[in-house]
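Chain naming follows the written order as A, B, C, D, E and F, and within any one chain the residues start at number 1.
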Amino acid sequence: MSERVKKFKEEREKLNELILSRDNINIKRFFGIDNSVYRDGALDARTKEMLGLVASLVLRCDDCITYHLIQTKQVGITDEEFDEIMSVGLVVGGSITIPHIRRAYRNWEDLKK
Amino acid sequence: MSERVKKFKEEREKLNELILSRDNINIKRFFGIDNSVYRDGALDARTKEMLGLVASLVLRCDDCITYHLIQTKQVGITDEEFDEIMSVGLVVGGSITIPHIRRAYRNWEDLKK
Amino acid sequence: MSERVKKFKEEREKLNELILSRDNINIKRFFGIDNSVYRDGALDARTKEMLGLVASLVLRCDDCITYHLIQTKQVGITDEEFDEIMSVGLVVGGSITIPHIRRAYRNWEDLKK
Amino acid sequence: MSERVKKFKEEREKLNELILSRDNINIKRFFGIDNSVYRDGALDARTKEMLGLVASLVLRCDDCITYHLIQTKQVGITDEEFDEIMSVGLVVGGSITIPHIRRAYRNWEDLKK
Amino acid sequence: MSERVKKFKEEREKLNELILSRDNINIKRFFGIDNSVYRDGALDARTKEMLGLVASLVLRCDDCITYHLIQTKQVGITDEEFDEIMSVGLVVGGSITIPHIRRAYRNWEDLKK
Amino acid sequence: MSERVKKFKEEREKLNELILSRDNINIKRFFGIDNSVYRDGALDARTKEMLGLVASLVLRCDDCITYHLIQTKQVGITDEEFDEIMSVGLVVGGSITIPHIRRAYRNWEDLKK
């Protein structure tokens, strides 16, 4: 994993801890659902991570894309599958998604290191 | 298929024809990609329709959701799989997607008729 | 309450029941948070309903706006307060929110009937 | 002009009057800018209406699109120019704009009646 | 105030001056409304800053969030009130707002320094 | 051209090459349309670049704005025309666009260097 991705993960975890240390019940419960919704069920985690990735892409959220990139890599998404997830997001979301696709491909390559 | 869904499909096809009759080369090419991007490839059409559905949901586009509902039904998505696609979209997109989820469930039931 | 608002409430409740009858645990938990987040806490329900209303306006979700209109009316928001919530949403979200503001004012008047 | 467009204009004007009757100073000033920003300046009104139309399309606001359709028709936009505005919006905003493009073409035809 | 927030404020003010130096009448008038809409009225400035903050959060605009953080701090919003504003935005806007909430909490802590 | 803009262009081109090296047919075709849609037609390239700029602004995509800034500069948009494009985007998209307008003015000045 590259320095960029490593730094992203560390920052993300540190700030998630800060948020959860506040002990707001609704925020905590939301974080709980946010974890459980990607777990194996009628759809397997692999498919759900792809859903999370394309949703993050069309909503143009770089951090969300990076997070799901790490996850999709872990569940074994291939390069060709990744291309096709990006292509669906591009067609649905338009050229406005291209800057995010650029960074997604950069981070996807980073994850191979 | 219910009256509501039938009417949607007819209106959709009639207006797509109107658009394409204008012979704008870029619009025509876009419509071409929009068809081919959901076809079997490294990912099968079944998975791609799910990607199209969740993307449409988080972008809150009722007509796009209805179209992908029809498609996901045709590729054999089960009720439980449908629930989980909706749940991912709901968590990613928030309560602002709920009115669209309501109409999606209504149309999903309609498609069983 | 006018026919329009009454019909909205009925449709909303019927479809919420349909969704919850599916017994998807993550969707059910989300609906739970969606209820509890607007309850009295460090901020009172009155303030929270205003937050929900302005968030719905800038995200341009008619059904969400209508729902929070009903709620803000119940917690006693005055006409002048309503105007100012709309004005903040308009400035933040731009002229693209105006069609939603038009329908919000129409429904606000409907609620007085 | 068709019944559909006529009804839209009447509803729009009636509700704008309702909003302005509230005498909220910030809303009134916003409506003032919203009028003046499309007037002839360094760019002519014709170009500015095209800007307003494409902005409304990519933000997927049907009422805003319909309003700017009426305006672009009045400043003499041709069918081919209209096609190209739609094509730019489609490429920038993606397939998610297509339902709005469908209704835009329908209303564009309506305006010829 | 931390270095990060100080730098943000300086950059913001410098570029606002650049924009206003252009003397575009509509932009100037917009900036005028943008100031006046948060002032005490039927709703007090405290409530309006909360509205501005939650609207900025669900629209996922980091700079807007940071600006309203500074303002809400100045009008005396407590930590618990801040948590609840974040929780409403999170539920309305979904997990896609979480990266912005992370940065908001970081900056909120920064403002205590 | 400033260092900032130069760096943006280099990064953009390098990553576009990475994307296109993947040889995904739908992504390649999309990039093709994305080029051709801004070429002279019923509307000249000058007008189309303005459409691309305002669309990028209201969708709040910094990289897209920077790209179209470079293009609009090349087709000879004047400072006063630029101001008016920004003003239309600001009124349509609201104060949420202001951080992007700030960076757009900074980059516009950079391009003069």
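As a working rule, a residue touches a chain if its C-beta (ideal position, glycine included) is under 8 Å from a C-beta of that chain, and two chains touch if they have at least 3 such contacts.
From a predicted model like this one, the values you see are computed outputs, not experimental measurements.
The chains touching subunit E as well as subunit F are A, B, C, D. For A-E, the matching interface among the pairs D-E, B-F or E-F, defined by over half of the contact pairs being the same residue numbers, is E-F. Ranking all chains by how far their C-alpha centres lie from the centre of subunit F, first place goes to C.
At the interface between subunit B and subunit D, two copies of one sequence, fewer than half of the residue numbers in use appear on both sides, so the contact is built from largely different positions.
Averaged Cα coordinates give subunit A a centre that lies 22 Å from the centre of subunit B. Averaged Cα coordinates give subunit B a centre that lies 26 Å from the centre of subunit C. Looking at subunit B, residues 26, 30, 33-34, 37, 55-56, 58-59, 64, 83-84, 87, 90-93, 95-96 sit in touch with two or more other chains.
Taken chain by chain, the contacts link every pair, so each chain touches all the others. Partner subunit B is touched in their complex by these residues of subunit A: 33-34, 37-38, 41-43, 47-48, 50-52, 54-59, 64, 78, 80-81, 83-85, 87-89, 91-93. Of all residues in subunit B, only 11-12, 15-16, 18-19, 22, 24, 26-27, 30, 34, 55-56, 59, 61-64 touch subunit D in the complex they form. Looking at the complex, you find that subunit D touches subunit E at residues 25-26, 29-30, 32-33, 36-37. Of all residues in subunit E, those touching subunit A in their complex are 60, 79, 83-84, 86-87, 90-91, 95-96, 98-99, 101-103, 105-106, 109. Here subunit A touches subunit D in the complex through residues 58, 90-97, going by the rule given at the top.
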